[in-house]
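These notes open a run of structures that come right after.
First subunit A sits with subunit B, and in the next complex the same chain sits with subunit C.
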Partner chain A sequence: MKKILFAIVVCLLIGAPFALKPYGIYLLSLWAVMAIAAIGLNLTLGYAGQISLAQGSFVGIGAYAAALLTTQGWPLWSAFVLAALLSLAIGWLLGYPALRVQHHYLAFVTLSFATLVFLVLRNEEWLTKGVYGISGIPRPTLAGWSAKSPLAFYFFCLAILALVAAATWWLVRSPWGRAFTALRENAVRADSLGVDTRRYTLMAFAIGSALGGVAGVLYAPLVQFIEPTAFNLNLSLNLLLMVMVGGAGHFLGPFLGAAVSVLLPEWLRFSEGLYLILYGAAVMLLMAFCPSGLLGLAERAGRVFK
Partner chain B sequence: MKEVLQVRGLAKAFGGIRAVDGVSFEVREGEILGLIGPNGSGKSTLFNCILGQLAPSAGEVRIDGRAITGMRPCELNRLGVGRTFQLLQVFPQLSVRENLILAGQEHQASMWARLVGRRDAGLGEAADRMIGFFRLSALAQEKAGALSYGQQKLLDVAMAFMAGPRLVLLDEPAGGVNPTMLAGLRERLREINAAQRATFVVIEHNMEFVMSLCTRVLVLDQGRIIAEGPPEAVRADPRVVEAYLGH
Partner chain C sequence: MAGVATGGIYALVAVGFVLVWQTSQAINFAQGEFVMLPAFLVLAAMKLGLALPAALAAGFALSLLVLGLLFKRVVVDPILRHGVLPLVISTLGLSLFLKESVKEFYAAEAQAFPAVWADTNLTVGEAVVSAQSLVIIAVAVAAVGLLQWFLAGTRTGRQMQASAQNPTLARVLGIPVERMILYTFLVNAALVALASFLVSPIYLAKFTNGETLGLAAFVAAIVGGFNQVRGAIVGGLLLGLADNFVAAYWSAQYRAAIPLFLLIAVILWRPQGLLGRAEERTV
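Moving on to the complex of A and B:
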């Protein structure tokens, strides 16, 4: 059953863009990019239980790394390396406060960090061109194959998403995933069983943030123009919502959450000004009656019908 | 006989309250030491100071002659010191088997080798043996949170033994466990003690459990040791009776 469903979704992801207009393809690409960032946050928050309101900042760091490098003529892969390493290192440092504070205190620490990154992107004009943003970000060419067209770039994004998903699948099913879960459920007990909770907390932040950076590297050539407000607190909150709505701690949660967040606004277009109200009300209902998100809801339904 | 645990002048104050007030004792290899005392006498605080959850105000702790004061719980655990907590502490979202594998995996290879190595960190068979030993086989794949309180308690104790520790500190293992299961738990502890020369320190309020399991008993009252000796002698000690019953 699960395998059939998986095959159908994969076929749709590969086939659908051929039937879509460029805007539809753009939305699917955006979904793939946001899903990568949400997968990262799901590691930090869903598996390891460390709340972060700064995932959007890492997307920003990745996007600016890509924009700055590729507009200077560097290849996109160099941006992947730089953004991943930079986000990994900064994410590791951001993990240190989590060793002292938890829950909403940690949320505030990461929120301050998100604000700090936004201010750097806006004010350090010598590096980021400030509010003017960076335009003309080129799309990559891979071994003679150009990913310039929307369709080609979508498949590029989809391939990176598949790689990230496979690596994350391996990670969460490895002993590390088990240690992350233990850290989330009971850090004191985990510590008493030999789990180095300090190191795992930092790793959860570092890996989750690095995936945020990777998503940013794809985001820049997707939209081809970036400016600081795209990476303000809104994006972080949006990513948090994707993880919560999809189902924190479920492997497929971020995929679903990102789809809801990217596609729902389009489907709710008919409602015009009511869109945010409808979306907000739906999220409130979901969180009130099923805090484990859509996949938690599906799991519950599965139990009822069994 | 060889001393596994040495505690010298250990003290812990919370503000003006001396929860542990200069406690010294040793535990010999293979011994099952009972630690009893009225509520608030400092038993759990003593455990937490020995095991690195709390930083002691004064004193020293040695494991196999090696000073361990100030070490983190995870480092101590990897030196072969296991524990259980007073309140039940299993990982409810992990299966029984996963709980046990987790309890042993950090002792296997390095962090990086674990990332690329086998999913069960090579502990699947050991976990299944432990599950069988604690009579939990029918529940191996169940989430720990779905088990009854008594079953979770058995799992909690089993987890402390997954890494084959030299010394295990058990904080009220009998609390809330029904008599039949309790007899089983006592047998399991005895078997492990005999088979692996594992050394135990047991905090317990259930006197029958302590008297039938322990070879020696320490009595703590207001942070100090007031009596020490074989179970029968301690039970008859007037100081102990007074500490428990008051004036």
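Moving on to the complex of A and C:
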């Protein structure tokens, strides 16, 4: 049953864009990009149990790295390397003070870090061009194959998403992933079993942040124009909601959450401002009745039907 | 003086935040929006034809009802048993809900908010002091003083403290813990309403007001010490002063980044907060 569903979804992801207009393809690409960032956050939040309100800032760091490098003529893969390493290092440094104390402090540190990143992007005009943003970000060419058209770039995003998903799948099943889960379930017990809790927590946070950076590198050539407000606190909150709505700690949660968050506003466009009000209310209801998100809800429904 | 006034407002919001956290372990991410909303309730009441004092009273009462009673009954109570994280997410949802509702049903533009006091400047010796700052400081000091007296000097207040420190023991001693928790939510609602009435004449009433105020309240609470009401007051004042000094003498552009630096400095050097006591870790 699960395998059939999986096959259908993959076929749809590959087949659907041929039937869609450019805007539909853009939305699907955006979904793939957001899913990557959400997978990273799910690793931090869902598996290691550390709340981060700065995932959007790492997307921003990645996007600016890509924009600055590619407009200077560097290839996109160099941006991937730079953004991933930069986000990894910043994530590590950011988690370091916060983990000296109780875990909810990380929420506040990341919250104010998100504010700081936004201010730097807006104010340091010599580097980021401030509120004017950076335009004309080129799309990559891979060994003669150009990803310039929306369709080609969508498949490029999809391929990176598949790579990231496969790597995460492997990671959560490796001893590292097991250690992450042990941390979430009971940090003290994990500690007594010889897991270096501090190092693994920092690692989960840093790897999650690095995936945010990777998503940003794809985001810049997708929209081809970036400016600071795209990466303010709202993006971070949105990513957090994606993970929780989909189901934190579920492997497929971020995929579903990103779909809800990217596609639902388009379908509910007729309701205009009401959409965000309804979304806020829906999140509260979901947390009250099923804090494990939509996938948790589906699991529960599945048990009832059996 | 402006720094102390800003600090006083931060302190009011932070004290409410700490009280709710102490009794119910609820981190309220919508605290900033809680400060934004009462001003709009007053504006709405005035639109219905009420005079300013009556509108302020109505806004205050509505705040107690919505941000105190309803917030506890409808949002916090059903979720608290699931743990801290779902509640954090839910209050994030709530802040989105409040913000967008005000934007949609009232106005997206900043609204002028009537000041109870005319904005005149007094000259004291060499220094020029705005009357509004003085009023804010006076009201904040009065409110915090009243609260301290209530918590330490009355029977109900001491019962509230007992419920916060050790709910199980408090219950054994016959204290109605549930009702005490409700009282702290009401006190929080009263504090944010007060802060709202004080801050809105200066910064205008806008649906996005909560974003900076909420962060300031968290940081003030952490800087001062999460488990101390006095700590929140000190944290609020410190943040308000730092905020104004940096804006005036160094860089207005990075004003909003002050909380981060204060936060990291405190976490690195004194993780339990300036006035806080270290808490033991539990298994």
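Heads up, the rule we're going with is that the second predicted complex is superposed on the first by the 302 of 306 C-alpha atoms of A that agree within 3 Å, B and C clash if a C-alpha of one lies under 4 Å from a C-alpha of the other, contacts with A are read in each partner's own complex, and residues count from 1 in each chain.
The rule is short, and it goes like this: a residue touches a chain if its C-beta (ideal position, glycine included) is under 8 Å from a C-beta of that chain, and two chains touch if they have at least 3 such contacts.
This one's a predicted model, so the numbers in the text were calculated from it and none came from an experiment.
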{"item": "Subunit A as common anchor, with subunit B and subunit C clashing or fitting", "value": "fit"}
{"item": "Touching partner for A:301 - first (subunit B), second (subunit C), both, neither", "value": "neither"}
{"item": "Which of subunit B and subunit C A:131 touches, first, second, both or neither", "value": "neither"}
{"item": "Greater residue coverage of subunit A in the superposed arrangement, subunit B or subunit C", "value": "C"}
{"item": "Partner chain in contact with A:188 - subunit B first, subunit C second, else both or neither", "value": "both"}
{"item": "Partner chain in contact with A:178 - subunit B first, subunit C second, else both or neither", "value": "first"}
{"item": "Which superposed partner A:7 touches (first subunit B, second subunit C, both, neither)", "value": "neither"}
{"item": "Partner chain in contact with A:237 - subunit B first, subunit C second, else both or neither", "value": "second"}
{"item": "First (subunit B), second (subunit C), both or neither touched by A:196", "value": "first"}
{"item": "Which superposed partner A:107 touches (first subunit B, second subunit C, both, neither)", "value": "second"}
{"item": "Gap in Å between nearest CA atoms once subunit C and subunit B share a frame through chain A", "value": "8"}
{"item": "Where subunit A meets both subunit C and subunit B, residue numbers", "value": "186, 188-189"}
{"item": "Subunit A-facing residues of subunit B, complex", "value": "51, 53, 72-74, 77-78, 82-83, 85, 89-94, 98, 101-103, 105-108, 111, 114-117, 119, 121, 159, 162-163"}
{"item": "Residues on subunit A engaged by subunit C in the complex (per definition of touch)", "value": "49, 51, 97-98, 100-102, 104-105, 107-109, 111-113, 115-116, 119, 122-123, 186, 188-189, 233, 237, 240-241, 244, 248, 273-274, 276-277, 279-284, 287-289, 291"}
{"item": "Interface residues, subunit C side, partner subunit A - complex", "value": "27, 75, 78-79, 82-90, 92-98, 100-101, 103-104, 211, 215, 218-219, 222, 253-254, 256-257, 259-260, 263-264, 267-268, 271-272, 279, 281, 283"}
{"item": "In the complex with subunit B, residue positions of subunit A that touch it", "value": "171, 173-176, 178-179, 181-182, 185-186, 188-199, 249"}
